[in-house]
Structure formats: C-alpha cells, structure tokens
Amino acid sequence: MTKLIEYEQASDEVRSVYDDIRATRKTDYINNFWKAIANHPPTLHRTWQAVKEVMTAPGELDPLTRELIYIAVSVTTGCEYCIASHTAAGRAKGMSDEMFGELMAIVATANMTNRLANGYRIPVDDQFQT
Amino acid sequence: MTKLIEYEQASDEVRSVYDDIRATRKTDYINNFWKAIANHPPTLHRTWQAVKEVMTAPGELDPLTRELIYIAVSVTTGCEYCIASHTAAGRAKGMSDEMFGELMAIVATANMTNRLANGYRIPVDDQFQT
Amino acid sequence: MTKLIEYEQASDEVRSVYDDIRATRKTDYINNFWKAIANHPPTLHRTWQAVKEVMTAPGELDPLTRELIYIAVSVTTGCEYCIASHTAAGRAKGMSDEMFGELMAIVATANMTNRLANGYRIPVDDQFQT
Amino acid sequence: MTKLIEYEQASDEVRSVYDDIRATRKTDYINNFWKAIANHPPTLHRTWQAVKEVMTAPGELDPLTRELIYIAVSVTTGCEYCIASHTAAGRAKGMSDEMFGELMAIVATANMTNRLANGYRIPVDDQFQT
Amino acid sequence: MTKLIEYEQASDEVRSVYDDIRATRKTDYINNFWKAIANHPPTLHRTWQAVKEVMTAPGELDPLTRELIYIAVSVTTGCEYCIASHTAAGRAKGMSDEMFGELMAIVATANMTNRLANGYRIPVDDQFQT
Amino acid sequence: MTKLIEYEQASDEVRSVYDDIRATRKTDYINNFWKAIANHPPTLHRTWQAVKEVMTAPGELDPLTRELIYIAVSVTTGCEYCIASHTAAGRAKGMSDEMFGELMAIVATANMTNRLANGYRIPVDDQFQT
C-alpha cells in the first residue's frame, strides 16, 4: 500500500492543496486518494485542479449529474476505490437509492450493447456521421 | 460486416420489435444496431426490451441524463458505433455543445483518477465502506 | 499502418514460421496479423508458438469451443481485427449463425452483469472462495 | 458494501424472482449477486430473465460452453465476483482442472494478440470482411 | 466527426494554447487532437497543460521513455488515434523499429499475465504488500 | 483462491521451471503468480518463457524501462496482483519514488486523452498514417 501523507507531515505545497480541498468541499476530511497521490506533489496539484474544475466550475451540468457520470466511468473500468468514493459523493449530493439503481441499470445495459455493436461489427449510420 | 435485416425481409417476430421501436421513438428510422442484432431474434427482443426499459421507463433520472451516462460508458470502452449513435440521441434530447464538452471532461478526468487510484493501491476510507 | 512482410521479402527465420503456419493450418494463406508482427521476428515466433499451442494442442476443449472463447475476449476488449479474423476462423470450424448469436448474447450479458457486480460492490459468497 | 436483501425481508416482486432462481437452479441457495441487485427490483427482474435465457434456454451451445464464455469475459474485464461465481458454476457443470487451465491459456493469449493487433494497426484482410 | 477548429477561426483563448503547443514542440503543425478538443476551450487548456507537464517537465524519466509508456497505455485501451499519434511522437524522439517491437512484446505479455492473475485469483505475496 | 503449488509438491516439469526462475532471478523466492499457474504446467512453461524473453533478453530497452511499461499496462487494466508485483520488481531495478510518480502521471494522463480522442471521434492525421 502507498504511504498516506497526513496534513501534519505534509510540505507547504501539499498543505496548500489540502487547504483548498477543505475550503472547496467545506469539510475537514481529506480522503485517502489525495493523501496517496500527495507522494508526488505535481500530480496532487494537477489532479486536484482538474477534479475541482470539472466537478465544481459553473456549467450546464448540475453537480449530481456530474457525479453520476463519474460513477458510470468508475463502474465500467472496475475501479473499486473510485466506485466507493464517488458513490458516497453522489449520495451527499442527493443521489437516492432509486437513482443509483437506475444509474447501474444504464451502465450495465450500455456495457452490454457496446459489446453487441463490437461483435456484430455494425457500420455507423450515415446520419450519425455528421 | 454483418448483414442488416431490413423490415421488408424481416420475420414477423423481428417486425414486431421494429414496430415497437418506431412507435416508442416516434420515427420510422431503424438504426443499424437493431438491423444487425436482428440476425438473432431473441437478442433483438431482449436487448430492445432492456434499452426501452432503462432509457424510457418512468424514473428519477431524466432522459437527457440517461443519454449522458450511456455516452460516458461508450467513450470509456471505446465503442465507436455506440459513441456515434448515443451522441446523436443525446443531441436530439437537448445535449448542447457545452454539455458535451463538460461530459467529455468528466469522463476523461474519471478515467485519469481511476488509474491513479489503481496505481497507488489506495485503501478505501472507512467512511466509504458503509 | 504497419508494413506487411511478404514471404518473398522475409528472412529465413520469418519464412520458417510462415511455413509452419501454412502446414498447421493446411492453407497457403498467411493473414495480415502474422505479416505485421513479422516486423519483430522474436514476437512472431513466440506468438505463433503460443497460438498454435493453445488453439491446436490436444486437450479437453474442442477447436470450435476454443474459437468461441477467443471471440468472446476479442469482442470484450473491442479488437476489430481479432473479431474479424476469429469470427472467420470460428465459421471455418463449424460455428453456425445460431451459435454466433448465442455467443454474442452471452458475451453481452456477461459484460452487463460484470458491471452490476462492480457497481453494487458485492462481497464474494463464502462458498465461492474455496 | 451493498445491503443484501434476504428472502424474509423481500417484497413479493423480489421473492417471485428468488423463487424462480431456486426452481431453475434446483437449489435453495441464492447467491449474493441477486441479493444485491434486488435493491432495484426492475434490475433484478430484467437481469435474471436475461441470464436465465442466455444460460439455460435451448440452443446450440451446451451449458458448460456457455459458462466457459462467461468466465472468459469476466477474466478479461477483471470482475472478481463474476470470476469466482462463474468458476464455481463452471465446475458444477463439469469443468475439469484441465479445462480451466486451457480456458485461462486461451483467454490470456487472446488478450495478448488483441494488443499486438491494436499496436501494429493491422488492416483487416479482405477475406475477413465479408 | 467533430469539427476541427483551425487557427484562423479560433478564439484568442484557443489561439494562445495553439501558440504554446507550437512553441513547445518547435513546429507549426497542430495535430487534430487539439483542434477537436478546442471545441471546449477549458478542456483544451487543461489537457494541454497536463500533457505538457507530464511529457516535457524536467524529471527522472527521459522523453522517449515517456512516449513508450504513453503508447503502452494507448495500445492496451485500444485508442487508435492515440496509438497513431504517439507512435509518430515516439519515432520523432528516437524510437527504433527494434524498440517498438520490444515495446509491443512487453505490452502484449503484460496483458496476457494480467488475465492469468485475474483468472487464477492469486493472493498478493506478503512481501509485495509493503 | 487457487491452490499454490510449492516446490516440494511439484512435478519434475514444474520444478524445472521453478529452477530456471530462481537461476534467472538469482533468488530462491518463487512468487505466488508462478505457484498458481503451475496448476496448468503448459501455461507455466509458456508464460515463463515469454516473460523471461521479453523482460531479460538482450535488447534496446533497459530492464527498468521494461518494468515501467509492464506497470503502465497493469495499472491501466486494473490488475491488482500485477501492479503489486511489478511495482516491487521496478523498485528492485532502481525505480525511485520520483520515477514512480512520473510514471503514474503519464499513465493517468494517457488514459484521460485516450477517452477524449474516443469521445470526439478524431480522424487520424494523414501524417500519422504512414
């Protein structure tokens, strides 16, 4: 397992990212993901900037929809940590049991039809090309 | 490439699925996906029932959100046909250029953090376990 | 695209693999896969040995079943070349349209339930652990 | 982890699926997969219908071959639960140690050649296009 | 296909990224990847910053090794565009035919052993846990 | 879990592979991967030959670079065992914490841009086609 970098042991560079995570999320809790990638400060800094931007910057997709998309990817790739953490984040943003059930149903069905499209080697319809 | 089954050549069993696709989608157009899997009627029937149910049954997720999730999966697995067809479906349901851009940004970022979580072998936080 | 190494231009090392492919498969045709990886002769040699061994060595699985498994993997990973070539190989070994349809149905369903198991984070039953 | 729905706590809708699983499989045991997806009854119902149909409906592929294909997919996507449960199912249907070994060898080899085909960007042979 | 944003039509925000790509790479050529994601300027900006940083910032891995790693990922996920573009980038940085052959051999072998480890459900050795 | 075959219980065929692993790696330790696949001796033999050849045969890529590539694949597919074992192997061959951090950053970024290329359906530039 990777050593987790706690706030107390962290460099100023790492602490300033942790401080921004706490301020942005309005919680003192820093989850293990950030403490692990803090072993490489440029990765911590760049990754947090990306996640903060795509998940919290003003836009046309609401915060819950963004989490549903994040979970869909994580379930498809099979990333256990990401499924656990983003399911928790989704629930904190209002994902109900029913929404989670519908989300899983779509993710499962899409993975099914993706393989039918692969296997039957289906040519893309002209009207989908534009 | 797989032979595409046109309505005119189709068996009654296949035609009844095509009829339901047309009625449900309010369009005469049957896209190639269905014409390809119609080579195996039980697969056509079961797959259409599943897609119809998860994409159109009443629920807590709106139709556009469901398409965004479908696209997220298809982009992650790299299914070219599915990306093309569901991007078209998303646009028909109101997906703007900006929404598509935000969607791609989240899908890309999630695929990035999924691998960081894998590579750093990060233990799931206790509070995400419940 | 990768340069394809034809028999006439090939080194003796590559030719001897081509000769063995022809003898094993009882056909003069060398498909593009081998002509492409022939750019790196050790890879050609090792890969052919592996494919020959797992697909043609005496064993408990018959040749058609072996092709079905190969197609299942190729459809799941989305390798277009491999889907095309192993579907052709399957047909040459007796795969009927109905078998192909059943195969696709299982591959699609497995990809679906794989994601449900991921997403619901299902603990493995004790009786499956032994 | 997801809450597992036991028969005693289940709704009539869920119980009727559990009853059909028991009758179809001729065992009282309901494995965790079904108890987990029972949290969303439409998913339980639809998924069981699909699995029952593709794995037990009369067809040209025998039950053991169907399990081998299911395992091939699950190993390729890396779904731990599915590997464990379908390996157990395969053994119950007659998969010997030797068959499992041959299956793994093919799955591994196919994953290897899939990437060689990707990396060398090999054009599909004309004769595989039809 | 996605509309490609040419320099002439680009906003100032997009042009400044294109200018930086040109300056960093010492070439006027902007490849299609950047022209496509320029449809969503925040994604263009963030993605270029990330690629620039991980591929060109001073570090312990040399530029060619970085390209080999990039190709390894792209071949494993099956991203045709990325395989083509990073193979070209690798050659520009000194990747010989022999190196490419060795790279493909390792990528293929790793994909093979990854599935053997999945399928045999192998417990991680204690000495690899620290 | 799979039964691990210890040297003492192993057949002569398996022992001779174990002996070669020990001699090649200059250590008595046989890690669990080999003990698991030893359940199917032809797979053990073939897999060891492949790994030995691609990882230790003379070539243009140095041993550490080969391990970095192996880790990149394993992180992308999410193979926990392989990530753990090859990270340990990388460290034994000189991979520093900084190198590991740079490696993870590239793997993560490549997985991100792979999906952007998929989702935007970007045509391959002519100059990358040759």
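Letters A, B, C, D, E and F mark the chains in the order given here, with residues in each chain numbered from 1 onward.
Heads up, the rule we're going with is that contacts are C-beta pairs under 8 Å (C-beta built on N, C-alpha and C of every residue); 3 or more make two chains touch, one makes a residue touch a chain.
Predicted model only: the values in this text are computed from it and were never measured.
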Can you list every chain in contact with both chain D and chain F?
A, B, C, E
If I list every residue number at the interface of chain B and chain C, are over half of them used by both copies, so same, or under half, so different?
different
Report the chain whose CA-based centre is farthest from the CA-based centre of chain B.
F
Comparing A-D with B-F, the busier interface by C-beta pairs is B-F
Distance from chain C to chain A - Cα centre to Cα centre, in angstrom:
34
Cα centroid separation between chain C and chain D, in whole Å?
20
Just give me the whole-number Å value for how far the CA centre of chain C lies from that of chain E.
27
Residues of chain A whose C-beta touches two or more other chains:
1, 37, 39, 42-43, 46-47, 50, 53, 76-80, 84, 98, 102-105, 107-109, 111-116, 118, 120-121, 129
Select the category (line, ring, star, complete, other) that matches the graph of chains linked by touching.
complete
Please give the residue numbers of chain A that touch chain D in the complex, ascending.
78, 97-98, 100-102, 104-105, 108
Under the definition above, what is the set of chain A residues touching chain C in their complex?
71, 75-76, 78, 80, 83-84, 103-104, 107-109, 111-116, 118-121
Residues of chain B that touch chain D when the two form their complex
1, 42, 46, 49-50, 53, 57, 129-130
Contact set on chain D toward chain A in their complex:
37, 39-40, 42-43, 46-47, 77-79
So in the complex, which bits of chain F are touching chain E?
1-2, 29, 31-33, 36-37, 39, 43, 47, 50-51, 53-55, 59-61, 65-66, 68-70, 72-74, 76-77, 79-82, 84-88, 96, 98-99, 102-103, 105-107, 109-118, 120-125, 127-129
